[in-house]
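Every chain is named by a letter (A, B, C, D, E and F) in the order it is written, and numbering of its residues begins at 1.
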Amino acid sequence: MRPSGRQLGDLRPVSIETGVMKHAEGSCLIRMGETHVLCSATIEDKPPSFLKNSGLGWVTAEYGMLPRATNSRNRREAAVGKQSGRTQEIQRLIGRALRAGVDRSALGERQIVIDCDVLQADGGTRCASITGGWVALRLAVNKLLASGQIVSDPILDHVAAVSCGIYAGQSVLDLDYAEDSTAGTDGNFILTGRGKLIEVQMSAEGSTFSRDQMVELLDLAEAGCASLIAAQKAALGQ
Amino acid sequence: MRPSGRQLGDLRPVSIETGVMKHAEGSCLIRMGETHVLCSATIEDKPPSFLKNSGLGWVTAEYGMLPRATNSRNRREAAVGKQSGRTQEIQRLIGRALRAGVDRSALGERQIVIDCDVLQADGGTRCASITGGWVALRLAVNKLLASGQIVSDPILDHVAAVSCGIYAGQSVLDLDYAEDSTAGTDGNFILTGRGKLIEVQMSAEGSTFSRDQMVELLDLAEAGCASLIAAQKAALGQ
Amino acid sequence: MRPSGRQLGDLRPVSIETGVMKHAEGSCLIRMGETHVLCSATIEDKPPSFLKNSGLGWVTAEYGMLPRATNSRNRREAAVGKQSGRTQEIQRLIGRALRAGVDRSALGERQIVIDCDVLQADGGTRCASITGGWVALRLAVNKLLASGQIVSDPILDHVAAVSCGIYAGQSVLDLDYAEDSTAGTDGNFILTGRGKLIEVQMSAEGSTFSRDQMVELLDLAEAGCASLIAAQKAALGQ
Amino acid sequence: MRPSGRQLGDLRPVSIETGVMKHAEGSCLIRMGETHVLCSATIEDKPPSFLKNSGLGWVTAEYGMLPRATNSRNRREAAVGKQSGRTQEIQRLIGRALRAGVDRSALGERQIVIDCDVLQADGGTRCASITGGWVALRLAVNKLLASGQIVSDPILDHVAAVSCGIYAGQSVLDLDYAEDSTAGTDGNFILTGRGKLIEVQMSAEGSTFSRDQMVELLDLAEAGCASLIAAQKAALGQ
Amino acid sequence: MRPSGRQLGDLRPVSIETGVMKHAEGSCLIRMGETHVLCSATIEDKPPSFLKNSGLGWVTAEYGMLPRATNSRNRREAAVGKQSGRTQEIQRLIGRALRAGVDRSALGERQIVIDCDVLQADGGTRCASITGGWVALRLAVNKLLASGQIVSDPILDHVAAVSCGIYAGQSVLDLDYAEDSTAGTDGNFILTGRGKLIEVQMSAEGSTFSRDQMVELLDLAEAGCASLIAAQKAALGQ
Amino acid sequence: MRPSGRQLGDLRPVSIETGVMKHAEGSCLIRMGETHVLCSATIEDKPPSFLKNSGLGWVTAEYGMLPRATNSRNRREAAVGKQSGRTQEIQRLIGRALRAGVDRSALGERQIVIDCDVLQADGGTRCASITGGWVALRLAVNKLLASGQIVSDPILDHVAAVSCGIYAGQSVLDLDYAEDSTAGTDGNFILTGRGKLIEVQMSAEGSTFSRDQMVELLDLAEAGCASLIAAQKAALGQ
């Protein structure tokens, strides 16, 4: 039995509220149960310097967590003076995932920065950031299309992410913190709207897993991402 | 005429929603018009080291702003690797203001950390942080009292803050960004529930002001803080 | 009775010695009692980048304190690897104050950097930095005028600063360290030669103050700044 | 055809030379083709502070690359003043992988630090670091066993890692830099001596991959790791 | 002919004024021509941690330069966020030199920190710092002896330093900036009161020097340090 | 008797292996007994900015040490976040020494960066870095000459370095760690192929030395550097 009472293949309740930050070119607040992430997209006129005169655009992401998003307070990274290895790893992952769903040539020489700030954490913040970050990206690109700044849609497909893991010996979908902190194996799966894989990260600390378990988790992830993509569509009124 | 259509002595619509962060000992989301600040209070069992064995407690604050809280994106301070001078100045001010309303001896050897994170900015974020931060502090102290960890209430009085300034030659209350960015003189006033002053900061860049204007702004601030304290009481169900 | 034996409205002995740094475009050593600050002005041909092609100049300030300027040694900020929040707050204040007395259009696209280094501290270092910094600025601008690099004087008026506070229940002028460290309320007032206000900062940690006290301190500050401006004139041979 | 002329399932020539650093408790130089990594193990008497009085030990890793290990010179991280996100991600991965093969209770309250320094890079440095790092770890643990400091072997199994990817549309094993820099999908697989999985990381930037490709790469990785583990055994004279 | 008109073996005018910083346990302002360095000594009750329970004391030094001590303004190291390599090299040299003249066992488990801050620079600041730093150290130790905190004098001998170099083909003593910036070879010599050597640093950038020149410079340095030690004695009233 | 059994004037066995880093324009592994340093030279098309349009080139050096190059592990400087004062001092010395042997005008507007990374340390790492760094520099310059990018050889002479010191009262050549850590006086001598001096650094911590000892060490150094230069020639096949 899962701590939350969910079935093995159940997602937590998902809600995606768009247009929550008045200054951003795109924004949403995504809630996966008690995990709440505020995502915004900022359009910058110039690409990063390594893409100057390449004809290509860039999508990048930054990730942060409010100090008291978690059960005990974390030190504020701005006060510490650097982003932790974990933070950097997560924001590199978000950026890589979103870029995989974008035609950077169609985007043209500009950059879209996705900020994902965790207001409250209960496991799965990186996956929620990707799923919500894609919605913010979609909205910002819609603005570029509407204003005629770009003519063909650079977004190739939806991108969504979900965690799966082996909890108490069973494969479960969308781990919350109570599960995540004790799971033997824990993975993040990033998929497209067409069900193709963008990134798979499975990791075992102090234990190992088998090929069969890997496939089982992938099955859960495919179903989970399909639901998340439906939620993205609903939020966007598609 | 003010850009927002408000009268000279009008506050923006104020709302204070409590209990918005499930992990924090106290929290609220304060909105002053389009300025939105999430405030949380964390109770730590130990005071800072300089107060060890002093019998006294401490209240401190940290301040942050989401990169896209503003019209154009600001660089994330955690990524830059340090808090700006402005951020440090503001968080020192918040901490000083809240401590002025606390009997640190009654608080005992513990620390309460107030985190103020600006989700959306439209002027007056430091004042909103103080007014909202006090509500979070009040809720956290209530928990300490309810659990019997402390016996006499260390909170001496309400603390609230408001900005005033000289905009287009006239003294106005609670400047929004449109006003703040062009005001000749601009001040922050921090007052108690009994109308006593905790801090006055008036500043003119590229212009000067007179004694009379100083008094005029103080009049506006007294009225404004009284309204904010009423909002604090309402939010706390007093 | 004040620790130094001064009357409530007495400044400490003030001396301003000019031309003390042979390389600087303007310099002075200001002594307010046992507080000694070395101030220099450096003229830079270019304004900061945000003013490029604006036709406007800039005045900025940096503040430092020798490690053993104080009773117990402070860690050297260069060795710590960053300027403290207090240092940043002070240098921002000095720059803002001096800019308020300058016509940045008449100054033209250049920058003047005022360095204020405290050789010995006994309270009131930020105020001494402003009063002395203005003298260094005046001397540097005189050089620009003498050489014909600028034609109309960009300096609008004298700028001077003094601290006042409530010590042992009484309003006193120009607090020394013995007073400052125990004062209930403590303020800094920056005024022009014509007696207009540039900045007022009053602050109470662990106590509060009234409107009447605020006005009392302002009265002291007006008299104090008038004396300081007379000292500036004398130092400059006006 | 692969740039190196290798077959799809071929590893590069592997060599593992032990005992190359006279001061370290364990060390080896691992060469996978032109990728050369110097690995050392240091035994520390105390575990990290979060494990004090837990009865558990810790294995951690640090990763570095000489500035001219690569085709064009990289800035020295010590001179830049921080480790890049990539470096931190890699050293976290190495540590996590090695810990998965260790019984931390049998290790007892001590820490083993694995340093992996890339002398020359031609793709696959993180995998070589894990495979070589395990050999250094094994040698250091042997010393602890030989001296009687620990009595039961805390090493549960071999740990080895290899990269696989989709290059020019085909699944290939052990990518060198020429392949890695153009591969559509690229993954790292960490396995034990018994063929269990410790970590799988598959990533596509600007493209996607299918379930079938994921399984194909896993097949290659299983064969590759088996060969690497044979090389570890040979190097250790088992 | 030297730019200053001095003879080859002439020092610049030297003055050492003691007791210039009221808070420090020892202090002096040393002037060697237009090079002015403020030196202070701070006594700390504890030695650095690596000497705990060793019975030995420590003498260390920190060095700084005001931003406008030089002809063009240098960036403030505290603002840059680190001490330059040059600064660190100099302060390590000062500390090493002063320790060579101290019996650390007689000093006992305490630390004396020498701060050397260059108010104005015209070449030779590191040598002036050593010569002046020794005076500050002597005064602080006198205090420890006077108060009975230590009983036998830990100072073994005077320590003084002077630069010499090859300027325009000739060996000259005590280079000023005009000479230093064009000298082919340039050295710093640190000697004791008895004429023994503590440190010799000779360096040629873009040229070389011979054994004979090395000996010639040493001759000049011996005479120069003897004069400096006489000046130390005079300043101390010996 | 020396710990290693060497005679007073004996170098340790020296070996210089060239071409050890396939990406670098020049490289060698220099071994002086158990001190092993990997040296590489990187040619950069542009000089540092302060030499733009000067017609002059630059040679600079960076120095590092693997964490476990030494008997106990040192913290990785990249992880600490800055290079130590010792590291900076050493790399400044290496750069200065190599530049003294180069005609920067013949080199033209480019920069050569010498990286010296200590794989294993047993005393004398800075001297080995200079001797080996010069070989890497020579090889890189040979490439520039071979390709016709420069026409006249900018290398004026060999540069080599050796340490000498007073160990157990006797002057010895090429100190190893066992000697270095207890030597009263310790020096580094950098000489050219023609026997001219580039840099002399002699230092005594807690003791002093005489003129005669200085000359004795210089005699040893001249003989030692002559042998090292012979080893450089042999390694280069001259």
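Rule of thumb we're sticking to: a residue touches a chain if its C-beta (ideal position, glycine included) is under 8 Å from a C-beta of that chain, and two chains touch if they have at least 3 such contacts.
In this text the structure is predicted, and so the values were computed from the model without any measurement.
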item: Contact-graph separation of chain B and chain C, given in steps at minimum; value: 1
item: Chain labels contacting chain B and also chain E; value: C
item: Per Cα centroids, the chain farthest from chain C; value: D
item: Longest centre-to-centre distance from chain F, chain (CA-based); value: B
item: Mean-CA-position distance for chain C and chain A (Å); value: 50
item: Interchain centroid distance [CA atoms averaged], chain A/chain B, Å; value: 33
item: Inter-chain centre distance, chain C versus chain D - centres from mean C-alpha coordinates, in Å; value: 59
item: Residues within chain F bordering two or more other chains; value: 81-82
item: Chain contact graph, described as a line, ring, star, complete graph or other shape; value: ring
item: Order in which chains appear around the ring, chain A first, chain D after it; value: A, D, F, E, C, B
item: Of chain E, residues touching chain F in the complex; value: 82, 85-86, 88-89, 91-92, 96, 99-100, 104, 187, 192, 196-211, 214, 218
item: Footprint of chain D on chain F - complex, ascending; value: 21-24, 27, 34, 38, 40, 42, 44, 62, 64, 66-71, 73, 76-83, 87, 113, 115, 117, 119-120
